[in-house]
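The following blocks contain the structures, represented as structure tokens.
Both complexes shown next keep chain A, but they swap its partner, so chain B is in the first and chain C is in the second.
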Partner chain A sequence: MIHLQKLFGLLRQHGVILSGIILGVIVMTFPIPRLTDPQTRTITLDARQFEFAPHRIHINKGDRVIINFTASDVVHGFYLDGYGIQERVEPGVTKQIEIVAERTGKFRYRCSVSCGSLHPFMIGELVVGPNEPFWRAIAFVSVSVITLIAYQFFSKGTSYEHTTLGTSPA
Partner chain B sequence: MIKSQRINVFQHVPFLRGILKSRLFQPVLTLTTLFFFTLAIVTGLFGTPVGNRNFGIVFVWIVWWGLLIILLVPFLGRLWCAACPIPVPGEWLQRRGIINRRQGRLSTLRWKFPKRLRNMWLQNFGFLGIAIFSAIILTRPEVSAWLLLGFSLIGIVLSILYENRVFCRYVCPVGGFIGLYSLMAPIEVRVADPQVCATHTPKDCIIGNEYAYGCPWMVFPGTLERNTYCGMCMECIKACPKNNVVINLRPVGSDLMVAKERRLDEAYKAFIMLACALLYSAVLLGPWGWLKQWANMDTLPHWLIYAGVFLLANLLLLPGLFTLTALLSRRWGGVQVPLRQLVTDYAYTLVPLGLTAWIAFSFSLVFTNGSYAFGVLSDPFGWGWNLFGTTESAWTPFGSSLIPFLQTGILTAGMLFAVNTAYKIAGQHTPNPRQALRGMLPVAGFITSITFVFLWLYLG
Partner chain C sequence: MKRELLAIGIVVLILFGLPVGAFIYQRQQTSSDSTKRVIIIQATVPEAGGFQPSAIKVNAGETVTLRFSSMDVTHGIAIGPGLGIDLGHVDPGHVKEVTVTFDKAGTYTFYCNTWCSPDHWRMRGIVEVTDPDNPDAIPIAYHDPIIERLVAEGVNIDANVTMGMADHPQPDVLTFDQPPSIEKGNILAATLSIPEELSDAEWRLTHTPMEGLELLADKNPSNSMNDLIHVIAYLWVSDTRFEAIQWAENYFNQNCAACHGQTGDGNGPAANQTAESPVAFGDAAYMFGMRSDVLYAKIRRGGMGTDMPNFGTLLTPEETLKLVSYLWQLAFLAPNSGIE
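== the complex of A and B ==
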């Protein structure tokens, strides 16, 4: 009888973990529908020490983006994470960069030409919506923490060890 | 129970004891790092002012930093402190030697370090003092070099005034957070049997003997229960005539549960490190150019506002929010623990979260900018040399598609560890598991909220 109770206890604890894993897999793979039709957008992106204007560009998956890339002060570069697109521009010149947003998420664009002291931190953000990686990460973290708390709840103290303050558990 | 989970490394790798007992062990490490440290200072002072072409910036703030926070601290705790070149000139002066144990007392003026400063507060304020200038220090080779030189000079002065490693123990701003985060490390220097130490009256590990100096960190290994103030210099292993000091492998984060040594100064270190990880992620990795300019001191008023907000966030905002969380925890859990103790105890849940937050920050910093290292290896001064043929190697961000997944993974791991630690700490306040669970819920909420903010900064 005691063995059966232990078995049920273990099943309950591990059931919580199993449910968490199943829920985690669901939130990581659940398809998010595309909300808008693909468009072609033209954006002017200006680089100056040590920022891009605009510093954040929002587009949707499937959009074709034509970026007119300029520099206001010194020579700057453009490198888009995840796409590997790279361009260089001198002041007074406009370079055209074309991107087809195939993947959702946040992709940083960075200056790729040494332009001054804060050059390594000259960063902008291209957000391709819906931002699946971000929302899936939020869901994954939420499921993880809820699973852990539920596990602690259902373990009814079996994973719990009370130690008096002022002494080491060792 | 926890002690039984230790694995004595010497039992499985016997020759390691011989290596660590050798007086060459630490000098080999420190002479190597001292070479690179000196090069970083010289290139910083005399090399190109372009940070990403200067060895002093690239090797200190990208290569060393990445190694330290991604590998050394999480896996080997304070081992970096055994190799650190900064206090070495001062220590050599004290010992009047580099390798061999010279008999007699250390050469110092033997002043007594003030009691009220024997804590982490100096390290906390020192770290903040540097952090508000970080955009400048991380990008200006000359400023960076003067800072490193300044650390070394302070180390020398303190070595002349006081015995042992007062600089490392109470002053070094880097040592403070390494000490705190080394609580997480799966490795420790401990005694195999405390009873042997209790009955062994000569205490060679404290006063030294012909083979070794007394503990430079002013720690008695016989009662050591946490990694925080053990610099892993291995002098105690050399000194112990009973071979009672060993290296253990242990469960990650074991030291977090040692309740009796928790202190407010360490709690504040945890707040400061977490707040700085958040602020650095926003300032250095965020898209806000104006914020970078303010941090970069484009005008004095802008920088003053930036520094003021930075300090407020570190010293008041985050600790204040955490105190409210602890208040809520006390109410929900129904425990009768003084608020100060509750805040201090629960602050240790921020150790795993803070460490993983810094690792997540460093993934982005190191993987994106690591390729600069190839160029400066061949041309450390930026003078046009090409020593190894890599000067012209192009800047190539590494794994930029992978970084968000690594950041999510490591942040989730840190958060779960932190929440589990909160439950265990709550367990030290009450014998009732349900009460403990209710009490830790607000802390879990705080930890999860902070994780969400990091995820928004990196992925949102």
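== the complex of A and C ==
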């Protein structure tokens, strides 16, 4: 009985923190249902000094992406981080690159053939959505902040109660 | 004391051994064989100087190693005509070399075969091979029977009009809504009586498909013009060899596609930089008024004032004809098939 009472006491004292932790765990592990069916997308990606057009590609997990890769001025390359795909393209000759997006997140693609002075900055992004790690991180941080604020708020109330109780003649 | 000496020894070895080693390595790289000459050629975009050096003198029979490196962007290196040397891409920081023995006196051209700048087509260099016994000999002017015949006939190679169309009025019923189909032509050809001239490759070289169509229509009045178009398309690509097409496709993609487009749509990435918009070989209507020998001459001589460079100094006549046969493929096969 005493144990149970202690537990309830602890719950009352740290309930906010506890629920915060539980919510945090849920946020980090809750399986996000697939909202869209995987599909095949065809994208034209043009490389020129010193940019990719488009510089950001949004797709969903499981999508099959066929990239028609072209170059406008000099020879460029395409290297996709995390997938290890590498291609080079000559102006005038279209190269086809196929990607099956098995992993969510943001992956950079960069020019893999030295193409001039600003070549190292020729970078684009492939965003495979829903970007789970990103949204989970946002949710987790929000939950933590709300929990902390709530805890601060409630614990202040408790300590105030304690002081009143402590000074009372009872 | 011993340790100190050892330390000094190591320092001396690093300070002197490293540079000396590097020099020895470099000497070995450049002159491992004293009889063999190594020529270092640096490639930059034409705006920044092109090839340096851009002219090389070699004695006939001499073996030289040409070592190419790129200073800015990726270039492609090929040497012609008739040598069949294609080193492929030379990326900045990489070196590619070729060892050649130039047997005959004459002039060869090394050129960039990857679009590298708006002035890419100016990027050429010359290898002058002189006969050591007779160094002052001037090479005899090269005779090109096909071009000479065109000139004798009075055909204006630079004229920007499609031939055959004017002297042979286009029948009203002729439409090119659907690209000519080789398969259909092949099937139809067996059922028709084909005029003798049309089976003659030499005749087809010097006449337009339009002229061929008229001959065919005269012999087969019962067939519609649109059916006969397929037969003409079939005949014009009938004796093309697969190896020739493979070679020509690769050459076209490297040297022509940047302006004329990979599929011959005349809309390559550099198409908007030329003085005149590039010709679309994929346009069957245009090609029906075009002659093989005129295409040949345009490739070899270049187009005056159009920014079409000359390929006569890069290709042999046989190679040029292969390229022409590929242009007919583009006209009648693309985009609905076979060729990618």
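Criterion: the second predicted complex is superposed on the first by the 135 of 170 C-alpha atoms of A that agree within 3 Å, B and C clash if a C-alpha of one lies under 4 Å from a C-alpha of the other, contacts with A are read in each partner's own complex, and residues count from 1 in each chain.
Note that in this section contacts are C-beta pairs under 8 Å (C-beta built on N, C-alpha and C of every residue); 3 or more make two chains touch, one makes a residue touch a chain.
Keep in mind that what you see is a predicted model, and the values were worked out from it rather than measured.
> Which partner does A:His3 contact after superposing on A: first (chain B), second (chain C), both, neither?
neither
> What's your read, chain B or chain C touching more residues of chain A?
With both complexes superposed on chain A, more residues of chain A are touched by B.
> For A:Ser114 in the superposed arrangement: first (chain B), second (chain C), both or neither?
both
> Of the two partner chains, chain B (first) and chain C (second), which one does A:Gly92 touch, if any: first, second, both, or neither?
second
> Give me the intersection of chain A's contacts with chain B and its contacts with chain C, in residue numbers.
114.
> Enumerate the contact residues on chain A facing chain C in the complex.
Touch residues, chain A against chain C: 70-75, 88, 90-94, 113-116.
> For chain C, which residues are in contact with chain A within the complex?
Touching chain A from chain C are residues 72-74, 76, 89, 91-93, 114-117, 253-254, 256-259, 261-262, 268-270.
> Considering only the defined contacts, which chain A positions touch chain B in the complex?
The contact residues of chain A facing chain B are 48, 50-53, 55-56, 79, 81-82, 105-106, 108, 110, 112, 114, 117-125, 131, 133-134, 137-138, 140-142, 144-145, 148-149, 152-153, 155-157, 160-170.
> Given the complex with chain A, which residues does chain B contribute to the contact?
Listed in rising order, the residues of chain B that touch chain A are 1-3, 49-53, 135-136, 139-140, 225, 257-260, 284-290, 292-293, 296, 337, 341, 345, 368-369, 372, 395, 397, 400-401, 403-405, 408, 411-412, 415-416, 419-420, 423-424, 427-431, 433, 436-437, 441, 444, 448, 451-452, 455-456, 458-460.
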